[in-house]
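Two complexes follow with chain A in common, the first pairing it with chain B and the second with chain C.
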Partner chain A sequence: MENAKDTFYVTLRNRLAVLNPNRVMMLRGLQRPGILMEEAEVVVPQMPTDAFVLRWTGLDVDGQLPSALAQMTCEMHYTTGGTQPNAGLDRGRALEEMDAELFSILSPSCAQKINYTQTPAVAMATKVFWGIPQFSSASSQRERLTRIAKIAVFAFQEQGEL
Partner chain B sequence: MSISAVTNYVSLPTVHRRVRAYFAPVNRVLQMPAIFDPSQTGQFSLDSPPAPWIDLGWIENFTRKSTSSIGSLNSGVSSVAQYQVREAVGATVSLRFKTWSKLTMALAAGSQHMNLIQSASGSAANGSGARGIGAVVVQPGSISTSIVLNAGDLESFSAGCMVAVDVDYTGQTGFVGSGVSAAYVQGATAVNNDPDYIRRVSFNVARVSEVSANGLQLAQPLLAGAPVSGMKVQPISGFVDREGGSFFQEWSAVFVMPGEQSERVIFHYPRLQAMQGAEESTDTLAAPLERVSLNASFRALPVTDSNDGEQVVCFRSFLPGSATLI
Partner chain C sequence: MSADLSVRNPNASPLFMADALLRAGGGMAVSLLTTPATVDSSDAGQLGINVPNFQQLPLSPAVFRKVHAAMQEGQLPQYELLVSASAVQKQVSALQVTSADALFDTAAGVEINGAQFLIESRSVSEALGQVYLYRLLLREAHLLFQPSS
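Here is the complex of A and B:
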């Protein structure tokens, strides 16, 4: 499943970098596109604002097929307090902007699976594909608005994959 | 970053998420359906189908049924099947169009589908539209997306209006309509010798995006292509179909199921005729809001496959993905 998870993350990261080059964050001293995979970063007490945080939760595997089909649930968490020049009064607009960006970078809903554990990375035989996002209600905590979008991500397990 | 490719061929099930529909008119005069050849154009871009196919977008509730029947020839004292015979060949296909348009509405209705020509002042009320205002002559130099008009003929048109473009009815009998056989006229009296009748049923319609000093710029190309000499244009306000009517439209259709591993399943019905009247269904968005879809149901009619002379009603093609064992 790791190749599928990596592929999904890198695909969205690259698409986000093209769609909105201004959505960036500082992570481990480097400026990067504003999207990260939570399980691959150090634990922090609070999620970063104005960035997308991928959290992998559910897993189902259909082993009755010629190639096992894994269905993983990706939760995309994002939160914003708006912008300082507007004293946070634009936090609704900022959240809507992230909603639209997420919807946009999820299309097209597939990507060639790539093994990034090798150098150079290796394109695999199958594609990772995913469904449409299920957006939760926005929650409000002090000056911050937060939303979670759930996406079902599918991948066939190829020879040699875990 | 460079990426090398390693292909381990595997056996994969086909997974798809939706079906896209393409239709093309059957030439009723010559009895020639549009033929889709998957060996030549099977991998066409879904957003730009090859001519003459018209993209009608993603559809839902796509259901195919074979109505073919196979019987057995039995023999012996305890009757045992010895041979099989194909007793009937047939198929139906049903679907829902998500959007309403001239084409989707007409396909779902299956009979004459009419344009509501902007009515002339004082004309008598009629269920499928009253007598229209005068049509104006399309001038030379017009193309499928631009209609040249005399400056004095522009007053009936404005940006955003819709128009029908076709020839006058002058006593023709048989199939009428440019680009698509839109109706069958038995005689002039049946259509009241109405000069607007062909424009009333024509599929050669479009929305006007801009009115200039020279004529009309269209937001979409006319289905029949560049207007020919003798065509006239009239503003329309919408469309109407009826429960009833004696005419059967006939269309060729291609349905594409794009798989998630780049495979493609294609269903080609060279000849489809509607097998039900106009009907809608709804999906509740959030009560009381409902999305209204057009239900369509077709019966497939036969063509002869020139490869072996067999009469068939549908072709199902499978173009495997690059990683799939076949």
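Here is the complex of A and C:
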């Protein structure tokens, strides 16, 4: 499952870097595309704004198939307060822009599974694939607008894989 | 009661006093874990595979103690760390960061006697607008110990 999670994150990150090179953030001293996997970063009191935060929640495994099929739920959290020149009055537009970006980077909805624990990373035999995102209604906390999109991610467990 | 309206110029005496009190109170050295000097830009570095190699910035003198609070079920014990502002300022200058706040904002935690703690909150004590003491509220990080190979 870890390889599927890693592949999903890296795929979306690379697609985001191409789609919107201006959506960047500074994290651990490095400028990166504005997307991060929460469980692989330092614990922070508040999620970063204008960046996508991946949080893995649900897990189901179907063992009735020749290869076990794992279904994982990925919650994509994103928050914006709009831009400074517009004094945050464009926060609705900024959130809509992030909605559109997320929808774009999720397509096509599959990627070759890659094992990143080896150097160089090794392509595996199966693919990771996912469904369409389920967008929650936007929640408003003072000047910040937040939305959560849930995505079901599927991957077959290959032999010897965790 | 009347206010003390005498003119007083800021000087370093509060800093010296704080350092002396922290040393007298058992002043110890702790390490602030911050962004490594050489950043890891690899995929493995962003996936939690590579060891982050945080820099360990020594802060001394400091006093570490358990916060005595009414505990409820499921509540984690909290600890307090009092750190000398002169030690923090030394690291701010060495790393050339804009402020102590910027330094703490990038910190991943604090290592004390080999155990890692997360920073829950921080506050400062000031005299005449000059910070002489940082107070960090810490929570023990639940990390799996793995002996070095």
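The working rule: the second predicted complex is superposed on the first by the 162 of 162 C-alpha atoms of A that agree within 3 Å, B and C clash if a C-alpha of one lies under 4 Å from a C-alpha of the other, contacts with A are read in each partner's own complex, and residues count from 1 in each chain.
Going forward, a contact is a pair of C-beta atoms (placed from the backbone, for glycine too) under 8 Å apart; a residue touches a chain by one contact, two chains touch by 3 or more.
Quick caveat, the model's predicted, so the values are computed rather than measured.
**Q** Once both complexes are superposed via chain A, do chain B and chain C end up clashing or fitting?
**A** Once both complexes are aligned on chain A, chain B and chain C fit side by side.
**Q** If you stack the two complexes on chain A, which partner ends up touching A:9: first (chain B), second (chain C), both, or neither?
**A** second
**Q** Classify the contacts of A:18 with the two partner chains as first (chain B alone), second (chain C alone), both, or neither.
**A** Neither partner.
**Q** Does chain B (first) or chain C (second) touch A:117, or do both, or does neither?
**A** It touches chain C, and chain B stays clear.
**Q** May I ask you to decide whether A:129 touches chain B, chain C, both, or neither, giving the answer as first, second, both or neither?
**A** It touches chain B, and chain C stays clear.
**Q** Of the partners chain B and chain C, which touch A:32 in the superposed model: first, second, both, neither?
**A** second
**Q** For A:66, select first, second, both or neither according to whether it touches chain B, chain C, the two together, or no partner.
**A** A:66 sits against chain B, while chain C stays out of touch.
**Q** So if I put the vertex at the Cα centre of chain A, how wide is the angle out to the Cα centres of chain B and chain C? Nearest 10 degrees is fine.
**A** 170
**Q** Identify the partner contact of A:42: answer first if only chain B is touched, second if only chain C is, both if each is, neither if none is.
**A** So A:42 only meets chain C here.
**Q** Rounded to the nearest Å, state the minimum C-alpha distance from chain B to chain C in the superposed three-chain model.
**A** 9
**Q** Show which residues of chain A both chain B and chain C reach, each in its own complex.
**A** Of chain A, residues 121 contact chain B in one complex and chain C in the other.
**Q** In the complex of these two chains, what residues of chain B are touching chain A?
**A** Checking each residue of chain B against chain A gives 1-13, 15, 17, 260-262, 322-323.
**Q** Would you pull the chain A residues touching chain C in the complex into a rising list?
**A** By the definition above, chain A touches chain C via 6, 9-10, 13, 28-30, 32, 36-37, 39-40, 42-43, 45, 116-117, 119, 121.
**Q** Considering only the defined contacts, which chain C positions touch chain A in the complex?
**A** 35-36, 39-41, 43-44, 46-49, 52, 106, 108-109, 118, 120
**Q** Sort out for me which residues of chain A touch chain B in the complex.
**A** Of all residues in chain A, those touching chain B are 65-67, 69, 109-110, 114, 120-127, 129, 131, 154, 156, 158-160.
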